[in-house]
Amino acid sequence: MERERISVAVLGATGSVGQQFVTLLANHPWFRLTSLLASPRSAGKPYREAVRWLQPDDLPQEAGDLMVGTAGQPLSESLVFSALDAEVAGEIEADYARQGKLVVSNARNHRMVPHVPLLIPEVNPGHLELIEPGKGGIVTNPNCSTIGLALALKPLHDAFGVARVHVTTLQAVSGAGYPGVPSLDILDNVVPFISGEEEKMETEPRKILGQLSGGQVHPAEVLLSAQCTRVPVLDGHTECVSVLCHQEPGLAQAEEAISGFQPPEEVAGLPSAPKSPLLLLPQGGVPQPRLHRGSERGMRVTVGRLRACPVQHLRFVLVAHNTLRGAAGGALLCGELALARGKVPGVEPGWTPARI
Amino acid sequence: MERERISVAVLGATGSVGQQFVTLLANHPWFRLTSLLASPRSAGKPYREAVRWLQPDDLPQEAGDLMVGTAGQPLSESLVFSALDAEVAGEIEADYARQGKLVVSNARNHRMVPHVPLLIPEVNPGHLELIEPGKGGIVTNPNCSTIGLALALKPLHDAFGVARVHVTTLQAVSGAGYPGVPSLDILDNVVPFISGEEEKMETEPRKILGQLSGGQVHPAEVLLSAQCTRVPVLDGHTECVSVLCHQEPGLAQAEEAISGFQPPEEVAGLPSAPKSPLLLLPQGGVPQPRLHRGSERGMRVTVGRLRACPVQHLRFVLVAHNTLRGAAGGALLCGELALARGKVPGVEPGWTPARI
Amino acid sequence: MERERISVAVLGATGSVGQQFVTLLANHPWFRLTSLLASPRSAGKPYREAVRWLQPDDLPQEAGDLMVGTAGQPLSESLVFSALDAEVAGEIEADYARQGKLVVSNARNHRMVPHVPLLIPEVNPGHLELIEPGKGGIVTNPNCSTIGLALALKPLHDAFGVARVHVTTLQAVSGAGYPGVPSLDILDNVVPFISGEEEKMETEPRKILGQLSGGQVHPAEVLLSAQCTRVPVLDGHTECVSVLCHQEPGLAQAEEAISGFQPPEEVAGLPSAPKSPLLLLPQGGVPQPRLHRGSERGMRVTVGRLRACPVQHLRFVLVAHNTLRGAAGGALLCGELALARGKVPGVEPGWTPARI
Amino acid sequence: MERERISVAVLGATGSVGQQFVTLLANHPWFRLTSLLASPRSAGKPYREAVRWLQPDDLPQEAGDLMVGTAGQPLSESLVFSALDAEVAGEIEADYARQGKLVVSNARNHRMVPHVPLLIPEVNPGHLELIEPGKGGIVTNPNCSTIGLALALKPLHDAFGVARVHVTTLQAVSGAGYPGVPSLDILDNVVPFISGEEEKMETEPRKILGQLSGGQVHPAEVLLSAQCTRVPVLDGHTECVSVLCHQEPGLAQAEEAISGFQPPEEVAGLPSAPKSPLLLLPQGGVPQPRLHRGSERGMRVTVGRLRACPVQHLRFVLVAHNTLRGAAGGALLCGELALARGKVPGVEPGWTPARI
């Protein structure tokens, strides 16, 4: 007998990230997409008509037939994925949380609130304990460029204690959504500024690598300097990183730490989890966004050019898929972990992935 | 009466940088292009036929008519600009120097030899004193990504003493020459590796900012870490820089140092010198390679986003034209300074720019 | 004694085409820019603050200081260049014309009105006679992709009578203005549709090549089929053309017609006129937009690959700069011809270019 | 009991198309890749070391372990896929054919020989009868831009008789192989010339649509004019087509012909065959190479913008994946049809796909 899947809603369903939620939820083994909400402008039409579909895969039949609702309206689902813009996300997400829903959000609004988990399941699954079972709440997904960095820093932090980080990003245009970056700004060009991005990269990893105690997260003592640029690449953020550790790592030790990194078993078994979240490549002109962004359905972060830094200890380059691992895919993984840990309100206690 | 111009030769005349020498020398007030040399394969034909001309401007008539010679053959000119590949430049340039010519070279071969000037006229004109008048020798032009960095560091080094530098570059494809980077490698992509580039950026600025004494250059005590990437941009290297100084600069002081930077008067008057070699832009998403590479005929370095660094002292972004300031234009400026200082053999002592 | 220049106004001054008018008028020998008008949102501020300046050249000092007015407000200038969007251009331009101004417009609204000249000075200068001296009126500039085609067809039409034309365009993103084409739509992509473009290309050349009689233009009997695509190119439209003529031309005759094409003398002497409006290149992989769009300050159309067509008579490829020859530069040339022919109201009859 | 798969060899295995053969053969239900041959320079090394692997998928384990041989050496396989360059393909392929192998070739050398099938299985499967069972021979795959065109013309030709075709192509850089098109030639640019391409497009469709009789193919009486351009797109050729038919089709009839097109049943069941080889999209700015090249694993041709042509009868735009449908994938499909029709020498007569 097929087990019943959990009904979920998506907020901000017509935008780029919303569309990726719809795609990824189309054949999800645990979740069933039952509500799509957007701005009042889109509401009242079948999703098929309300959306300007931009994904390479066809619009899933079932989702296309759903009637679009207005973000903020009453919902029967207990689990809500939010791809709302930051301009409106703050209040609407908080309202649903107060109504006892578990909201997994891509927006920046609640990320730095000390009692809200800023979650990368492979890195800080324990932070999910900030959510009280049965009560709902908000779980946030980090910024798209933070996720790759925090994942790559995690094994180094565990082994050597990361103290200082310089990172320069070369970010894809899809990170700005649609219509986003005008072609006149980016063809044959680089834009060395992305509003708010450097601030996020300099604060979010501290919280993600931080310690939970007393009902809140205490940020790790890591100093970060981020310089963020936009380049003519469609998908996949590239980051050039230099790290100083409390305990100087030898190159072989660092390689071992990164290539040996394994997430906790409870995470490795989640449907959206990559087989391994970090891939360390041997020397050469890699990773490259076009070649590596799709690794493990876009959920794996690829690291390369790991070498000594003449000024700090280590240097490396990473590539992470910004709209899969860095947005909808990452959020989905958070939702899966929440379900597995019994944090989705109203799901009978006996529901466990093992039963499927 | 028009003063006679100095005859000059160009080595490696058919490649990208060679073509830019030809373009820039077409109407030069001091130099007259009289010899074009290349590989034996191109020799014996008129330049017009030997070259696959790729410049936006038309091939200058006079240069097109010159019969191409073989690099290494005897020359009557005392001043030789070299755009030879590093594979062959070492020996051929050294031979001409031994024959008493002054060779201004773009190749990397002799750059780090302690008694060979590695010259940016606005930064270290005094290093030209390594050349003895009347004897010839080799003057080298730094790597295309070093030049922008060294120029931007110069005023900070003079005012505060630069101690440590992190730089990540986003380099244009023209830096790899023609055919250079295959389109299959760079469309919708970033290549985070350029062979030999990081080593050059980590050593050349030390020499350029170094002190001359005892007939050689003693490198400055600056630690540099460079991560070099190739991006889908035609011309203009972008660099994200973080600097730690011996004496911590306030932001206003740093702004003043950079925007107030003026080269020595002897350099400011050279025909290829920009009115000011550094332009500091106010805050915003600039500089950008497409918008700023052409500033002052490609000879000015544009700096922007100057701000405090959470890990070191200062951060900024710079854009420099890699084939103009970073190659042929920069070398021409070196040749002009050499002429003005009486370092071109056989030029009568009374020849001074002031007489023109 | 310097002759007084004619004061002109620019409508739609903050958009892309408006900015190019401002650039081209900065040092114009006949015109002096005295009024800049835009939407009410921009009005009341100095142009420097109202505009998001996107041109490679610096914003001209004098224009930057002008206070922006509202398009439609009373004007003292007799000559008005319009870069208004088609949504508002129709009524505003007609109003100014009724007030006795001569309006030179880039918008499509009035182009196909039989008594309004659709003007390419080198092709159909006589159509300007539809404007009665002293009365004002509207002169229109053709669509950016029409101009290159009509110019290239002109000598063939004169010599052999053009009967049928197939044209496929590969158009630059700047043709869509700013922000225009989203980068997500055009990186690594082609968009084979531009709204309204094919209709314009299939009708405008007929009028431009048509005959003036009885106070209106009678279109030429030419059948055109246009397929318009957008490609990842910044500036410069490329067009692949096949032509059937009433009288079959030999290839040598066709070459002679195109390369020998000269505009009427009254046009050749206008300040914005290229030395020759058509350049025919020998065989090879040219013309290319990046190499040829800038020819003669962007005012010359470059033709190449002229060869026999297995289905019709002739085939060729052309490149034309879409925002210079195809917009502001072309309109300026129209304004110059209008002034030279005494069609600008209020300019004393004795004013002739010869007097300057 | 699992049926034994047929052993196949790949010639030119290290190039771009060779790599795609290796990828597509990795899990092929009928074929087993047992020999990889390349130039003497690559021979003698494991494929893993001989190849510069450029595919998004990982190099298949089994192929990576194969020792590379020299193209031309004796082979035990009866079926050989050739991705050799035209410079060497002619003689080597002919030699293998004389030795009784069936060679399926991507090279242009033998395409236009009247007794050599130029095969698109969905279009002219009957031409395979030029191959005598048990004797071997050469089967050729059309040019990458021909395949999309011929497939789209087929239903129109069957229904209305195609008489005249104008086509302009916008071709991807991968069509030129690796390193292929230099980035300096194609960034922010179009190259309106591809050597030999127009000639292929003007002759190959005539043969493909031709009639078999008397042991050779008699070309169809279709006149074609092709203008071929290269654009900054990685994969996927776009073609703008205009067609004149012997019998004028109404638009609805043409839509019906294209959207109703079905290949013969023997072809529809082949492992590499798309469910339907032609997809007709409703009006809009499609097809686009980035959105549609991957349709049905790159084996389906997407048609859009079908509309009346003011000069001929019909116009449309098509997108076809040039290295999948247009090269390795198309050739594989030819090999599958050859096997199904009993044209692979040495395969016991009873071998039929139905038995698997």
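To keep things simple, chains are lettered A, B, C and D as they appear, and every chain counts its residues starting from 1.
One rule holds in what follows: contacts are C-beta pairs under 8 Å (C-beta built on N, C-alpha and C of every residue); 3 or more make two chains touch, one makes a residue touch a chain.
Everything numeric in this text was worked out from a predicted model, so none of it was measured.
Visitor: Looking only at C-beta pairs that count as contacts, which pair of chains has more of them, B-C or C-D?
Guide: Looking at B-C and C-D side by side, C-D shows more C-beta contacts.
Visitor: Starting from the mean Cα coordinates of chain B and chain C, work out the distance between those two points in Å.
Guide: The separation of the two C-alpha centroids amounts to 41 Å.
Visitor: Chain B to chain D: how many Å between their CA centres?
Guide: Centres of chain B and chain D (C-alpha means) sit 49 Å apart.
Visitor: Would you kindly tell me how far, in whole Å, the mean C-alpha position of chain D lies from that of chain C?
Guide: Chain C and chain D have C-alpha centres separated by 43 Å.
Visitor: On chain A, where are the residues touching two or more other chains?
Guide: 187-188, 232-234, 291
Visitor: Name the graph shape formed by the protein chains and their touching pairs; answer line, ring, star, complete or other.
Guide: Chain contacts: complete, every pair touches.
Visitor: Note which residues of chain D are touching chain A in the complex, please.
Guide: By the definition above, chain D touches chain A via 56, 187-188, 291, 294.
Visitor: Help me check something: in the complex, which residues belonging to chain B touch chain A?
Guide: So the residues of chain B touching chain A come out as 164-166, 168, 170, 188-193, 202, 223-225, 227, 229, 231-234, 238, 240, 242, 284-291, 304-305, 309-312, 315, 317.
Visitor: If you look only at chain A, which of its residues touch chain C in the complex?
Guide: 54, 173-174, 178-188, 232-234
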